[in-house]
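In this document, chain identifiers A, B, C and D correspond to the written order of the chains, with residue numbering beginning at 1 in each.
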Amino acid sequence: MKTYLKDLVEINGTKKSRRFAYFIQFLIIFSVITFSIETLPDLKPQTRVVLKAIEAFSVIIFTFEYLARIYVADSKPKFVFSFFGIVDFLAILPFYLSFGIDLRSLRLLRMFRLFRLFKLVRYNKAMHHFANAMKLAKEQIILFMIITLMLIYFAAVGIYYFENEAQPEHFSSIFSSLWWSIVTLTTVGYGDVYPITVGGRIFTFFILMIGLGIVAIPTGIISSSLTKAVEPHDDEKEDKLK
Amino acid sequence: MKTYLKDLVEINGTKKSRRFAYFIQFLIIFSVITFSIETLPDLKPQTRVVLKAIEAFSVIIFTFEYLARIYVADSKPKFVFSFFGIVDFLAILPFYLSFGIDLRSLRLLRMFRLFRLFKLVRYNKAMHHFANAMKLAKEQIILFMIITLMLIYFAAVGIYYFENEAQPEHFSSIFSSLWWSIVTLTTVGYGDVYPITVGGRIFTFFILMIGLGIVAIPTGIISSSLTKAVEPHDDEKEDKLK
Amino acid sequence: MKTYLKDLVEINGTKKSRRFAYFIQFLIIFSVITFSIETLPDLKPQTRVVLKAIEAFSVIIFTFEYLARIYVADSKPKFVFSFFGIVDFLAILPFYLSFGIDLRSLRLLRMFRLFRLFKLVRYNKAMHHFANAMKLAKEQIILFMIITLMLIYFAAVGIYYFENEAQPEHFSSIFSSLWWSIVTLTTVGYGDVYPITVGGRIFTFFILMIGLGIVAIPTGIISSSLTKAVEPHDDEKEDKLK
Amino acid sequence: MKTYLKDLVEINGTKKSRRFAYFIQFLIIFSVITFSIETLPDLKPQTRVVLKAIEAFSVIIFTFEYLARIYVADSKPKFVFSFFGIVDFLAILPFYLSFGIDLRSLRLLRMFRLFRLFKLVRYNKAMHHFANAMKLAKEQIILFMIITLMLIYFAAVGIYYFENEAQPEHFSSIFSSLWWSIVTLTTVGYGDVYPITVGGRIFTFFILMIGLGIVAIPTGIISSSLTKAVEPHDDEKEDKLK
């Protein structure tokens, strides 16, 4: 029995385990879609019942999968407190909690159901690469994140002094100016807040000229380290050539 | 006769085939422009007649070209079901269908006329490079497209929880929140929807910091593989040097 | 006399020619600033007189410089029809034309005064690099410009079919939809036009996912070839190492 | 005594100096946060008193630190006029000035308190890298900044001629058109000003096609030189391999 389950839930080349993996992945995506549909306003009561039933079904499967993984684990506590152990637990938690607590008041708890998406990581090669790349470039990302944060803060203070008097409703404090500096330095530019004074506009020009290059660095680091993480075969090729 | 047509429609160095190619390319661009003019509102009836005539003329030429290509093909079924065979067919289809069906009700079918643009690929070196580059980086693009989709979805769910109560008209469900997360993570930022709650804005900040780097990856991969595909002579040079 | 002028206007290491170059550069920037001030509404008549005087003064100097350059040129017709010869001529032309024709009706002609900015190129190292880089990558840029144009056109046709009925005022024809596709694919996103139908939004999503990478290519090529053009010393270093 | 202070304020490996560094860094961030809170409107008088007290406390510490640094410096004038000497001085100046002058009228002076953020640079590795990278690429950045400025100016003049008549309130002069060209070429696109004439839109298209690549260059140079500055160990590895 234990060997059968081990073969089923563990990622190895057997046909059985691959089918099980595809089934779980399908169920994750399916339950995420039903989760999205649930948020639609003006749903019919029948639809709600169907969605509830689908939710109950998938939670039962996920619970079985979770228990099976604990059962077959070499070290049970190690699995329970591992990344995937916690993700598996959080993915089913909100459903069981909903019997005890009224979740309508605890809306954020329902969002925990989204942790199911992280369950996909177990099977997803791309996500593994992503995790590796993040580890690789962790130090650099943190260093430049600090510079980016300082720049965003500096931009917010500057624009506050230039625009506060002209637009007290939009630039009421440095905290509300931070919203402007985030939206501007990422070049999203919604257009809900923008400088109208000459000083503020000249300041925006300088901040944009300096800032765009700096804000682009952490994202550039992630991109390049991801590209590295995804192309390990290149080095292998070179090794063979040598 | 067959040899004459073969010389004409096949891409080889002869003067005759080059002239034919330029003529077809001109006709493609010309018919695409008339297609655009047709969409202008308040066109005079005389203009419509002229446009119809031009359309009829170009379809006749394209039909002749299509039939000639089938006639000269070594394997007729192979050409008909090849990429360019299908493109050539779809480029003339809407015109002949318009006699049978009322195209005003089947507006999307008229869009098939745009397939003529793909006919340009046959002659266009840049598009060949593009197709090669896409093949080269196919696997990577798919892997990171999945991550991008997950991130966009995750952003939509997050903003839904933060903004749904404050702006039920813009963030009515996860599906409508998806529009926000696409527009924001691509930094287009139309400004039709944006967070107004403090929680939503802080969430936007984190999503932008993480997201910009990730969304940029698939586009970065396309760019770099395209640049590779367009510079094969560099390797040749190196080979010569060695 | 000719030797003196040659020494003055030609770019060589002498102190005299350097001083003359700085003076001309200063005059170019100064006359461009006065040109900008002239466009300010509600200028006092006195200010207008002063600006006119400055303009007349700089044109006289530029005319002297132009004539001196012709005088000292080894081959006069070659200089007159060279890039800088034409630029020098166009920079002074609007002033002399303004005596004959009423420039208020020929507003575009006044813009020719801006050609003075191109005179800066003669002295500006950065602009020389830029010109070289453009020549280097000319073929690639043209190839991908074609793809970019096709994509922008394709996006415009698509959005026209999705949004024309819902927003006939913004997407009245393919030509007006082109404005949307330019603003969206460059991620500027003014927010004056944006899709509101579900189909149009899904189409926007796909176009953005595909398009951002492609639109970035020509700009990427310019950037990289400019970086190459500005770093020739790297190769020299390598040569020395070898 | 001097030895004790030297050990404390200088950055060396000792436990004492590390603790002092963390304390100063914490105080900088803490005083920056209180500075932000002070800008909030509708603050209670008690809160203001608390904030004033915190401000006084941190200034006293920073003053002690500044005097200690002067005391232990090998060459006192050299420290006072060094970058960090000036930063340390400007960080405490506004507080002492506030006794003499009414700062409400000299709002900009209060902004000098932000110089405390630069005090963080002393301890921050990332900022050191940033400063080095800027020095490395200084020449290139200046060269392309000039091109960028010329392009932004050129775009402003162009749009002024196309849009001035149609939208005299937004494009009243070249100076107000500059705001449009900055916001557009950085792709921020607030949507407060945008072309509405056909000519202006076609001009925008060409400017965007040309401009995006050029505006991206200075930012690209900063990014790449920063990446270089942060990865010196790569060269070391290569050296070892050789």
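The working rule: a contact is a pair of C-beta atoms (placed from the backbone, for glycine too) under 8 Å apart; a residue touches a chain by one contact, two chains touch by 3 or more.
Please read these numbers as outputs of a predicted model, since none were measured by experiment.
Novice: Just to be sure I understand: going only through chains that touch, what's the smallest number of steps from chain B to chain D?
Specialist: So the least number of steps between the two chains is 1.
Novice: In terms of CA centroid distance, which chain is the most far removed from chain D?
Specialist: B
Novice: Comparing A-C against C-D, which pair counts more contacting C-beta pairs?
Specialist: C-D
Novice: When chain A meets its copy chain B, do both sides use mostly the same residue numbers (more than half shared) or mostly different ones?
Specialist: different
Novice: Quick one: chain C and chain D, Cα centre-to-centre, how many Å?
Specialist: Between these chains, centre-to-centre, one finds 30 Å.
Novice: Rounded to a whole Å, what is the gap between the Cα centroids of chain A and chain C?
Specialist: 43
Novice: Which chain C residues touch at least two other chains?
Specialist: 187-191, 220-221
Novice: So in the complex, which bits of chain D are touching chain A?
Specialist: So the residues of chain D touching chain A come out as 32, 35-36, 39-41, 107-108, 111, 114, 117, 120, 124-127, 129-130, 145, 148, 179, 182-183, 186-192, 218-223, 226-227, 230.
Novice: For the complex, which residues does chain D have touching chain B?
Specialist: Spelled out, the residues of chain D in touch with chain B are 187, 189-191.
Novice: Per the contact definition, I'd like the list of chain C residues that touch chain B in the complex.
Specialist: These residues of chain C touch chain B: 140, 143-144, 146-147, 150, 153-154, 157-158, 160-161, 164, 168, 172-175, 184, 187-191, 194, 201, 204-205, 208-209, 212-214, 216-217, 220-221, 224.
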